[in-house]
Amino acid sequence: MPLPTGYTVAIAQTALALLLAPGLVGLIRWLKARLQNRRGAPVWQPYLELRKLFAKEVVVSSNASWLFRVAPFVVFASTVAVAFLIPVLAVPSPFDPVGDLLVVVYLLLLGTFFLALAGLDPGSAFGGMGSSREMTVAALSEPTVALAIFALALGAGSTNLGQIVARTMADPAAAVSPGYLLAFGALFVVTLAENGRLPVDNPATHLELTMIHEAMILEYSGRYLALIEWAAWLKVLLFFSLLGNLFVPWGVATVLTPSALGWALATLLAKLVVLAVVLAVFETRVAKLRLFRVPELLAVSFVLAVLAITVSFLVR
Amino acid sequence: MIFLLMVAGYLFGALAALLFARGWVARWLTAAGAIIGGACAVTLAVAEVFGFDIGSFQIIVVLARRPWWLQGGVIQDPAQPLSAVFLGVVGAIAIPAALYSIGYTRAWEGRRSLRMPGAMLNLFLLSMSLVPLAENILWFVLFWEGMAVTSYLLVMTEAEEPETVHAGNWYLGMTQFGLGFILAAFFLLLPPDGSGDFTALAKHAATLSPGLKSLVFVLALIGFGSKAGLVPLHVWLPSAHPAAPSHVSALMSGVMIKLGVYGVLLFGLRLLGGGPAWWGGLVLTLGAVSALLGVLYALMEHDLKRLLAYHSIENIGIIFIGVGAGMMFLSYDLPALAVLGFVGGLYHTINHACFKGLLFLGAGSVLHATHTRNMEEMGGLIKRMPRTALFFLVGAAAISALPPLNGFVSEWVVFQALLGGASIPQREVAVLMPIAVAMLALASGLAAACFVKAFGITFLGIARSHEAEQAREAPVSMQVAMAALALACVVLGAAAYAMVPALGRVVAGLAGLPPASAVTVSWSLRVPLSAPGAVGQISPLPILLGLALLLVAIPIGLWLSRASRALRVSDTWGCGRIAQTPRMQYTAAAFAEPLRRIFAALYRPTEDVSIDFHPESRYFVQSIAYRAHIIPWFERYLYDPVIDRVIAWAARVRAIQSGSLHAYLTYLVAALVIMLGLLMLWGS
Amino acid sequence: MDSAFGQLTVLGSSLVLLCGLTLLWRRGSAAHIGAFAAQSVALAATAGLIAVVTGSRELWVVAVILLGLKGILMPILLKRMDRRFGGPRELEPYVNTATSLVIGGLLVVLAYIVTWPILDVSRLPTRAGMPLAMGLIFVSLFVIISRKKALTQVIGFLALENGIALLAMLGTYGIPFIVEVGVFLDALMGFLVMQIVIYRIQETFESIDVEQLNRLSQ
Amino acid sequence: MRLTYLLLVGAPLVAALVAALVRPYLRGVGVAGALLSTLSLAAALRLAGQVLAGATPTWGPSDMMRVDALSVLLAVCVSFVAALAAWLGPGLGRDEHYTPAQARRFRIFSSLFAFTMLIAVTANNVAIMWVAVEATTIASALLIPLHVSKASVEASWKYILIGSVGIALAFVGTVLGYFDYVHLAGERESALNWTSLMAAAPSMHPRVMALAFVFIVIGYGTKAGLAPMHTWLPDAHAEAPAPLSAMMSGVLLAVALYAIIRWKVVVDLAVGSALPDRLLLVLGLASLAVAALSLVGQRQYKRLLAYSSIEHTGLMCVGLGLGPLGAFAALLHLVNHAVAKGMMFLLSGRILDRYHTTEMGEVSGLLRAMPVTGGLFAAGMLALAGLPPFGIFFSKLSLVRAGFATGHPWLMALVLVLLLAAVVAMLAQINRMLYGAPPAGVRVGESNRWGLVPLVLCAALLVAFGLGGFGAFQTLLDRAVEIVSR
């Protein structure tokens, strides 16, 4: 049989990511429930939610404008676009030269941007509050991300994900270099912030005064909400696979043979599960921070990133 | 030829304004002149930058007798692509701005004549087009000052408001301040034979001592920085730009301040031919600081145009980060990276001209419709003026550096240059780069936040005032102008393949940069944009297309998967409260509140909240007045002391004129005695 | 002969200077006018002396004009003004008499310091008096500065002119005649104009105390 | 050529005589005076043409009168501003603020004023020049209190006393110069001629000439309004009727400066230019500083203009201390300033007539009340601030250039700072007058439109200088510079 070409693989892995995303989030929820001695909903609960939401009618505020209806699609599209750029299964992806880490970051920012606007559109107090807080967190996490990228680029000599992965696979020592580890830590915190996880935001709460992301999308329902949720879950998965594949690249397929791809899939699942466990444990351990303590957390991650840079300067 | 046509166009426009002064004829002819001029400028620039041959456009002004300063050509041979870039920027924004003015100035009918504003607009454009083309001191300074005067008069257009006059005074003061430094910088380079030609200056500069060169550079940086609005020389900008009519604001923010960048490049690269690393470091630092402070102050603004003005400071900062990085790499002999830095700076110059022009025009339409610049009185405009809203949204996304628009691409190039900074041999210097990266990233993040606020509060939600409810969509001419610029934002983003190599050629060969061949990249849709020295590659066009494709595909997907298409319109959920009022919405102040708290160290906000309760019970609040002020650091601690000092001195000096005749005669005799003393002193 | 001539001119010029110092010493307009008249006469005498020795006809005329104009006409006009205004004695000057006289002395010394170095330029026997002339110039400047009454200031100014005339005579035996005429004309005109303005001051201020002229400031 | 010269200096004299003799005063007298002044201007221009053709004519016993490029340059300025004043001054029957007696007085003395100034700039004999300059004081002093008021009388007294004392000192200088010359070349009629002084200068005694120059600078500097001898100037300019202020500020200062220039050339040859340059730089800088700081917070617009005159004279003085380039700048500046200040003071007269106050605080909405006047006023302000397209921009520019070219960077830094202060102060003040609404009771709309024509012409001239529309003027300027920097 002919080998699948790069493009089919790239598209396939995007589809896979979309497919796995709800499951991953379901897994995290389940784990957290377990850790909190609850039975918890089944792992596939998110899939059911999606089906339900897609089936339901949409209620749109009378104040909302066309932007409110466009936003979900933009968010979903930008996230999916990111999925194309991130090495989930195999490198080098033919889409690799299309965009590097910076593009990834700013595409996600694009999604956030529109979501925040959508939050303001219906003119409800909560939406504005959510948007304001969301943008604050997003803005404050930017420098950390940039510096983490800087650190990685220093190590790999490129900001393109494929090359970074390839480079790390080339010399495994780099993966355990302090610079990488620190950058990993920084990115992990950013992951929490960007995905609205504890301690920055509690995805489970709908208590008005504490929510950030949820407040922003409070007005959404039906298929719009489905798209947004799905995009959010996909984002989690993408960040996980970033963390997994950038810092622990083993298993990522470099040749497009079925066996390699299969092995890649297996390792990917393993990484996702591990990270899910880590996140679940972490989220059960920590309590949510007050909003104005969040900058301190991000400052910590920023310091980590700065250390990462300096270290990688020193070992250069 | 085309050059002459350009000049003629502008002059025609000015003349038309002077002759007709009012009515649609005046509006159209004035705009027509500017548009012709702008088109010619763009043609010249494009031909120059992309190397099409349309024949040389050198002309020499011939006077009956030429005094010292007229020796040499006025207008340079197109051997200076750098100038062509800025010429192009002028023209590119001139066209939409002029088009816009047709509709914008209609509101003036009966209230205000078009004579001054129209004529000044064209002369302003003319002098701005000629500044980068000037080839010797006199002409440069002449056009430079011409630019200052015309823009000053344009700022004073709506001088009924006292704050306009105040802004005008600040503006003129800072202009003259800057001019002093520029003159000093130029004249320190003056060769013995007194020729003011730039080539002669450059030749003479090569013979100067490093110390003197550095002095000249710093002088030039201060002089041109004050025009560009670098912190801390920016104080005039946030008041002057908003005061002007919106199409003029667009030109000032989009184009005029860029000529400050040109000035720095002119000195740094062409006249002084590069210098020690700290020059670049200084520029880089100032840029980074400006970028961050600019956006931080923008966040606290609720005046739409002032907000945009502060963002000009931010973007100038970004441009200077690129330029500064370029200069540093140049001094460390990293030509490829240097080119990258300069290209980033120039590219962002062009892009910022587009989206800032667009945003100011958008703000102008809002002002035109609501007669206020205060965002707290707007809201819901997206339903009343949908097209303006769309264009403004594009601009907002572009300035927030969101892919795939142009803002992102140029910031990406700057980022790449900074990332390359790791290869600077001196570690302690190289550490500067990540810091710059962090500040740049923070700035762009905050910019995104700020424009969510700007667009969201202005256009989304419910109208907060009667004017906002009654707003009407802008006239067609204004829409077309904005549409053109919005399109430019998209195209410039996608056409990076064409722009980056071209800009690379522009800086090629300057001050020991590698020749054009080293930086050219053949361009095609497939070849990803990878400038030499960049450590990454992106392809904006595919990103654009991909996003578009997805945006089409997703609805189709939903349709195929037979997702419900039912839709019901209902009230916004108001916590169980039935009627929703505008006062329940988030305000601009509230939106910025978290950041104000987080950066309280900078803002030192002083808030006063006055609540008056219901007479019966303190549980019912009747009204809440909330006011928050932030410390204007620079005005209060940098400028005011100086001004106060001068005024104090002035009081003392005026006391000389005491009114006593005897005192006066005593001065006279004292002067005589002192002079005799000096005679003894110097005589022998 | 020459030396004797020199002595005489020096004597004359010291008389002229002395009269100038008298302006500092005495109070009261009458005394001042008298001093000025005496000074002009002394000046005319010196001019006449030089005319005799050099046999220059022009200088004779100059001497006569001096006598007529400054020795007789102007004092009369001044007297009339003084009577017209009848003002009190010179108001308390800025600097009291003793100090003024000391300062006057110092000014003469200054004049010597300034003038000595240029004396060797000249071979004229009269040159020795030039410092005195310069001294008179300084002293009369001081008079103008330190005295409050407009009238006194005018007298001081006239003394200043005398000083210059003396300087010219001693240094060069007088400037070309035609110029001299112009100068005299100016002097007269200036004097008249000053007189007119003083009358104006009297009308508008009911006094000629210059102290009151302090409306315009800053 | 002699006829032309006679026209130049004679026309004002005749005008004065006519005004003095024709009684009662008729409107025709004013018209005649205006026409005669125009005649004199024409003569000046013709003379300029002849000088350009290479002639340097001399007249009078022992050539006491002489016209070269420098003097003709000044002569043109003087007669131009004099013509302006004559055409816009009182006594043409349009303005009711003046009684016939006042009109006559103005006609007589303004013509005499012009006459003396013309004599001063065309005199070859430096003593005659002195006599003429002294005479300017006499001629103008009586005009200041045209409207008798305490302020105007006070101003005229201060003017006449300070002026006379200063001029007397200048005469000391002249005498010293003569003293030196006589002992070099012996007595002769032509001894005091500038030409013969120039001829003898190289062998003159440096010490004497230096001493003489100090007296000259202080003396004529007093008339030129150089600090600290400037104190009479703001009062006189502010209190004098507008046309006279225009003449004093526009050309009187220039004439005094001209006298200094004449002497400086001689002294440069005798002493070497180092010392005179330094003295001029010191005085110029002092004037610049005093003026610039006095402009800050100035409350009356006429005083504002007066101080700006001091500022600009100071600039010219600095320029004269900076060698040939500086001299060029100074002369260009002199011409521009003459036109600009003439225009400004005449405009201020129009404003005063309309608003009846000299306080800037009480003047507002000028652009609305008198569009053209206000516009010209604003333009003049920009011109005085040294902005293009006006001529002063170039003179300032070449001045700064001269400073740097002759190696005085710090001096120039100081000058630039002071200029900044002056410009900002002036424009900030003027803006208050221009905008807003006119106070109640002030009539809106231009009156006496014909009176605007000459002023518009002035503005046009300024722009012409600014756009480098030189040609012949340029040549004349270069010739003058050659004379100044022998």
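Per-chain numbering from 1; labels A, B, C and D assigned in written order.
The definition used in the following text is that contacts are C-beta pairs under 8 Å (C-beta built on N, C-alpha and C of every residue); 3 or more make two chains touch, one makes a residue touch a chain.
Just so it is clear, the model here is predicted, and its values are computed rather than measured.
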Quiz item: Along touching chains only, what is the step distance from chain A to chain C?
Solution: 2
Exercise. Please work out which of A-B and B-D is bridged by more C-beta pairs in contact, and write that pair.
Key: A-B
Quiz prompt | Chain at maximum distance from chain B, centres defined as averaged CA atoms | solution = C
Exercise. Taking all protein C-alpha atoms shown, work out their mean, then name the chain whose own C-alpha mean is nearest to it.
Key: B
Self-check item: Whole-Å separation of chain centres (CA-atom averages), chain A against chain D
Solution: 79
Quiz item: What is the distance in Å between the mean C-alpha positions of chain A and chain B?
Solution: 36
Quiz item: Where the centres are mean C-alpha positions, what is the separation of chain B from chain D, in Å?
Solution: 44
Quiz item: How big is the gap, in whole Å, between where the Cα atoms of chain B centre and where those of chain C centre?
Solution: 69
Practice problem: Send over the residues of chain C in touch with two or more other chains. | Solution: 114, 141, 144, 210, 213-216, 218
Quiz item: Touching two or more other chains, which residues of chain D qualify?
Solution: 157-158, 161, 165, 207, 211, 234, 294, 298
Self-check item: For chain B, residues contacting two or more additional chains
Solution: 654, 657, 661, 665, 672, 676
Quiz item: What is the complete set of touching chain pairs?
Solution: A-B, B-C, B-D, C-D
Self-check item: In the complex with chain D, residue positions of chain B that touch it
Solution: 63-65, 67-70, 137-138, 141-142, 145-146, 148-149, 156, 159-160, 165, 168-169, 172-173, 176-177, 180, 183-184, 187-188, 190, 194, 646-647, 649-654, 656-657, 661, 663-665, 667-668, 670-672, 675-676, 678-679, 682-683
Quiz item: Can you list the chain B residues touching chain C in their complex?
Solution: 654-655, 657-662, 665-666, 669, 672-673, 676
Practice problem: State the interface residues of chain D toward chain B in the complex, per the touch definition above. | Solution: 157-158, 161-162, 165-166, 169, 206-207, 210-211, 214-215, 217-218, 221-222, 228-229, 231-232, 234, 274-275, 278-279, 282, 289-290, 293-298, 325, 328, 382, 385, 387-389, 393-394, 397-398, 400-401, 403-405, 409, 412-413, 416-417, 419-421, 423-425, 427-428, 431-432, 434-436, 468, 470-471, 474-475
Quiz item: Which of the residues in chain C come into contact with chain B in the complex?
Solution: 94, 110, 114, 141-142, 144-146, 148, 210-211, 213-218
Quiz prompt | chain C residues touching chain D - in the complex, by the definition given at the top | solution = 114, 117-118, 121-124, 137, 141, 144, 150, 153, 157, 160-161, 164, 167-168, 171-173, 175-176, 178-179, 182-183, 185-186, 189-190, 193-194, 196-198, 200-201, 203-205, 210, 213-216, 218
